[in-house]
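Each structure below is given as structure tokens.
In the two complexes below, chain A is the common chain; its partner is chain B in one and chain C in the other.
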Partner chain A sequence: MAEPTAPGMLRGDSPGLRLARRSLVLVALCAVLLPFADLSVVAHDPWAELGRMATGLALPHWGELSSPLQAIGLTVSVALWGTLLGVLLGFPLALVFFRSRLVRTGCAFVRAIHELFWALLFLQVFGFSAVTALAALAVPYAGIFAKVYAEILEQTPRDAADSLPPGVGRLSRFVYAELPLAWERLAAYTRYRFECSLRASVLLGFVGLPTLGFHLESAFREGHYHQAGALLWLFYLLIGTIGVWGHRRLLPLLAFASLFLLGPWPHVDGDLLWRFLSHDLWPAPLLNGDWAGLIAWLGDIPDLGPAIGNTLLLGLMGTVGALVIALLLWPLASRHFGNPATRLGGRALLVGLRSTPELMLAFIFLLLLGPSMLPAWLALALHNGALIAFLAARHADSLEPGMPGLSASGRYAYELLPRLYPGLLALVFYRAEVIIRETALLGMLGVATLGFHIDSSFQYLMFDQAFFLLLVTAGLNIAVDALARRYRPREVVMDDPCSR
Partner chain B sequence: MSVTELLSLADEDVGHASQVVLPRLSLTLRVGERIALLGQSGAGKSTLLATLRRRLAADAAWCPQSHGLVPQLAVYHNVYMGRLERHSALANLWNLIRPDRRAWTEIETLCGELGLAGLLRRPVARLSGGQRQRVAIARALYQRRRLFLGDEPVASVDPHQALRLLALIDARHDTSVVALHQRELALSHFDRVWGLRDGRLVLDAATDTLTLDDLDRLYPDADAASSAPADEAAHG
Partner chain C sequence: MRRLIATTLMLLGLAPVAQTQAQDTFRFTAIPDEDQTRLVERFQKVADYLADTLDVDVEYVPVKSYSAAVSAFRNDQVQLAWFGGLSGVQARRLVPGSQALAQGVEDAAFHSYFIANADTGIAADQDQLPESFEGHSFTFGAKTSTSGRLMPEYYLRERFGEAPEALFSRVGFSGDHTRTIALVESGTYDVGAVNYSVWNAAVEAGRVDTDKVHVVWETPAYPDYQWTIRGDVDARFGDGFTDRVRQALLGMTDPDLLESFPRQGFIPVSNDAYAPIETVGEDLGLLR
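On to the complex of A and B.
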């Protein structure tokens, strides 16, 4: 009889091992493809530059800021009204979301394009105006709200509606027996989306709208790091105090007051708008029905293959990076590890990384390291990894180890990680869609992803090409989302739309 | 069907869309009867009540086991929902903002009788279990139908209150079918017992011909552990 032997590495059929194998395949795929990524450091002295930035952040020059209050006012106004308009558009769509394939497809499409790309598109018609800023937020958010609201409403308990007497109308049933039950979750998600829109509103400055990001970008670009430090602190202060100034009771007042801060309002030329929509956005050969010309037109698009390849590669690297960062960082903020001082520091680090948008992180790393995929990778991995780590730490804090007195590594590997990992991995898969959208966007900073070509097409006023590339980006995003959904761990504890 | 019969089933398979829970069921429900529906959980009580509710939709006031209340809404609005179909959508919407005066007066009186006086504006989420139960009954009473169908409507109140609630239900409905787990209450308060066991109607008799021992036979768990009180064994 054969000697009983221990099973081989990662053999077995427990859910944990299945997830571990799935994760390792992802990591291995990333490692194999890594040589194809351009990870060179181009800058000559990144450490000195980093030192100057750190000094700027440590010693901000508040006096040098010109009209920071105006920038903050506009940032908040755009975020608030962009979200509100998104709700107004998205809520009715949510009610028919599961009944209409057209609505679902349309929502998936508008969601798949990043706020900043929408801004670039609207910029061509509405110029540097409030309409561009609001539409850039409201359009994708309408698609997001429609989907998430529809999911929340679908999960509403049926008991109350089922116990109604027969013959109750659809609207009465909805407002009495469905809406009140879902209200809290709808409100929580709307609030979360408002926080996202605040970050997006800051980023709109990167395409030239005069929000906080505009001043941040120019201060960084011109090397005024003390000024940039002050603006960065202002940004963190704004995000950190959102519970105070964005209190439920203050919101109506805030919404009304911010109407006056929005501006400037553009003069829209109807003919020009129509020309843009009916003519400029479409390839001329397509409008003329010239199929051979269309193929030639497609051939003229520079580096489409490499751009798609780079986008996918950076997306994969960002996702795997976020997974690794999350696994390394979550104990920093958990009550099961370290002492109060390390936990405070860890939590501050995670919240800081989480609140800083990828584009801003990537921009800072780009100034340090020069234009390659490295800054984009670092930004994606750190921001998303920290976000996931923070949620994982919060989840870990709600757990009670069954065996007290284990060593830290034992606690990590035997008590906590096995319980956290399905949720953590599910979040990574959720974020994969966000990461691929950001990846395309980071092209605007010079990384050779799709966004780079979209940005330059807009700059050369080749709207047909830019629009086509936007469609490609959206298609890629939808495909990655479908793939991630297919391999996402199911039935996990941390499944809250506010954590996606 | 004679005038006094509300519903008569003869050898019918009763169940949900996909599954027959009570095969070849025969029973008759007559006007004026007060029927206690007994049986272990899983015996098919809820399925039978759902069938009665479906067949007698226009006549039946329904009080579900899960209460079906909306915790975020006030007691007033939860009770008002009993007559939601009798007002226009617009009137219902407006009522959420400003209570309808006539409905308010009527519900205030009703809630007073159920020991919920002064709680009309309180969200159901902030009520105790017993209070919620009474709100669910208030909603059923507010429907003003001739037949009351209740799935354990007095499960979470004390025995005295249970008697009072059943009396109120009797005063406002000429016929009732109530699922229960209190066997004594079934004998003392109802005309007739329907006993279900394993998907069959094994008992259909007037209460004055029955004893507690007859009812005990509906609970197989009580056979096994006769020392344990049957009420507990059958609980839930």
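On to the complex of A and C.
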């Protein structure tokens, strides 16, 4: 990152300077607000527990796992079909995306709610069933696909379509002149989303759907670290080998086979669904037209000010942290640095950091540093930073250095970083909204974010309150997303990965 | 990719007809307060026992949290559930006609322990909650746990006359009793509240270093876990089905089955036994 050495250095209107200014404003904003964050470190004795964790990871007990194959099967099936349904729902929406404000708003809304919260909502109606799991992935993904597909299609060169004779139908033009040009990128993005959905599918286990995460969370929470270790290795393996088992020739077969693994299918009760939608989600005073009661109802809502403040602050800190981590870590996995051994290690580190669920990272830091925002910050920064670093490294690998004989640091600073940075920063800005969503999951740290209160409301079965808080969160996410889009580097064509 | 989409479209046409649940399967769920590993295998035995005794198809539905169990119960996705004190009350308020059938022998007089890290200097085994709690950090268990949240908060408020957030420097929710113990033992939190049976089991198994963490105070007794059944089961499974289920639960004496809960046995109980829990839940704003 460019550091100002003298006043006036950052003036000017070149893209590089604009980026530097934006980065510095972001970092400065974070630094100014940092004193308001709750970052105390409590010194104590975490080593016994951390030792147990490390032994568990080093000596996994494979034999103690109950039906791990079934859990893996379900994890993959849910991820695959969740993605496919997302494509089926999202693609038609992508075609009208830029023409309909309603579609854009709807998509922004469904995107803005975390998969886990969708799962908690669907859980109330469909129970622990494949429908809950698939809907929790397909609904937000439909919104994401609609947006990204629309952006990709918009960037398709027009030449082919323009050269068609007049009178060619809209459909023909799309199928013969537009789709083929965009196909490659659509497919690449879909594939990327599948990898994300695999992680999300594991996470769904945390709320009780019997994917790999179900067993992982139970074992980890109860301190059965040898089992948790075995499950974590399985998970890393699954993510690490996705290129092998998820080969595009195998996918149709996989999709077919996994249909039979999905389940159980719920008995959907129409009355139940209707009661949930028409009654449970809305404040009782509102339904009864009791305005005084509604004010009392609003009074019972947890304090929104601090919750929103904490959420935004943690989001900002996580974003800046991710930027710093990404800048530090990307060379580890790039072909321009180190030797094959260090690159393998670097890649393993990055895959490990981005695949380990944030909740686990946060728990480890909680043990080390005590309860405050700090463990959440580190977990978010490391997880997201590693993810961005991985993509930046891949981007760097596609570049050819033009200046031979530079030292490694010179290559980093003068050759590669200037070319990478716009993309990297764009990713960080994209990621900001995801980080805001993820702050929701870290309630166990005693940091009262919006997500903490949403989780409480679901636990207390106050669905109307949960829904209200979800709407607030969604509004916040949409606002942050709009802000990030406004300031993200426009110069780069985003080959947008898992970030949304 | 093209092929993938083609295949998908084809498959959607042929997608297997969703197997809907047969209406006459009796479903139950249960969450033990410790050791949730191999839940399905262990509770399959309980399901088999109930199926033999009741002569209906019985299925165990695994769930992960009490709130999920309550939702499943409310939505008739399970008809019988092993609830905690508070979650049982939540469920019975949401499903009119449902009733508490049986509780564990231990549940008639359940306790919570307040535990403290040794470095805090808070002495062990006191007669009441000590003043010295003030300013320390504190963790509950899960948000709707009766023994890890509800009753500890009730006794804290009763003793100090203020919310835990005002008394302690920080209040967290560990999410689980085992984790509460680990967090207080490591000193991450100074003080915690934990289910007494989980604590005792952990101490017996040598999973706790009692030099680092000790019990400060034991709450008075309150009723906790219980089996609750929906009110409409007699209509679906035949007259007297509720009583037969109760008898089957009370007649469960095989240690192998009881170990899953873990309880020594089950005794009859009624909804009224949980009135104190209900009152406390309302006072704390966890029920409405």
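Throughout what follows, the second predicted complex is superposed on the first by the 420 of 500 C-alpha atoms of A that agree within 3 Å, B and C clash if a C-alpha of one lies under 4 Å from a C-alpha of the other, contacts with A are read in each partner's own complex, and residues count from 1 in each chain.
Just so it is clear, contacts are C-beta pairs under 8 Å (C-beta built on N, C-alpha and C of every residue); 3 or more make two chains touch, one makes a residue touch a chain.
Predicted, not measured: the structure shown is a model, and the values here were computed from it.
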First (chain B), second (chain C), both or neither: which does A:P371 touch?
second
Which of the two partners, first being chain B and second being chain C, lies in contact with A:A255: first, second, both, or neither?
second
In the three-chain superposition, say which chain, chain B or chain C, touches more residues of chain A.
C
Return first, second, both or neither, reflecting whether A:P210 touches chain B, chain C, both chains, or no partner chain.
second
Does chain B (first) or chain C (second) touch A:E115, or do both, or does neither?
neither
Let me test your reading of the model: by the given contact rule, A:S66 touches which partner, first (chain B), second (chain C), both or neither?
second
Answer with first, second, both or neither: which of chain B and chain C does A:A177 touch in the superposed model?
first
Is A:Q459 touching the first partner chain B, the second partner chain C, both, or neither of them?
second
Does chain B (first) or chain C (second) touch A:D481, or do both, or does neither?
neither
Where does A:S163 make contact in the superposed view: on chain B (first), on chain C (second), on both, or on neither?
first
Once the two structures are fitted together, what part of chain A is touched by chain B and by chain C alike?
183
Within their complex, state which residues of chain C touch chain A.
1-5, 7-8, 11-12, 15-16, 18-21, 23, 34-41, 61-68, 70-72, 75-77, 90, 94, 117, 119, 137, 139, 142-144, 170-176, 178-179, 182-183, 185-189, 207, 209, 212, 285-288
Looking at the complex, which residues from chain A come into contact with chain C?
42, 44-46, 48-49, 64, 66-67, 84, 87-88, 123-125, 127-128, 183, 187, 190-191, 206-208, 210, 214-215, 217-219, 221-224, 227, 248, 251-252, 255-256, 259-260, 263-267, 269, 272, 300, 366-367, 370-372, 443-446, 455-456, 458-462
Chain B partner contacts - residues on chain A that touch it in the complex
159-160, 162-169, 171-173, 175-177, 180-181, 183-184
What does chain B use to touch chain A in their complex?
57-58, 61-62, 64, 66-73, 77, 81-85, 87, 89, 92-93, 96, 143
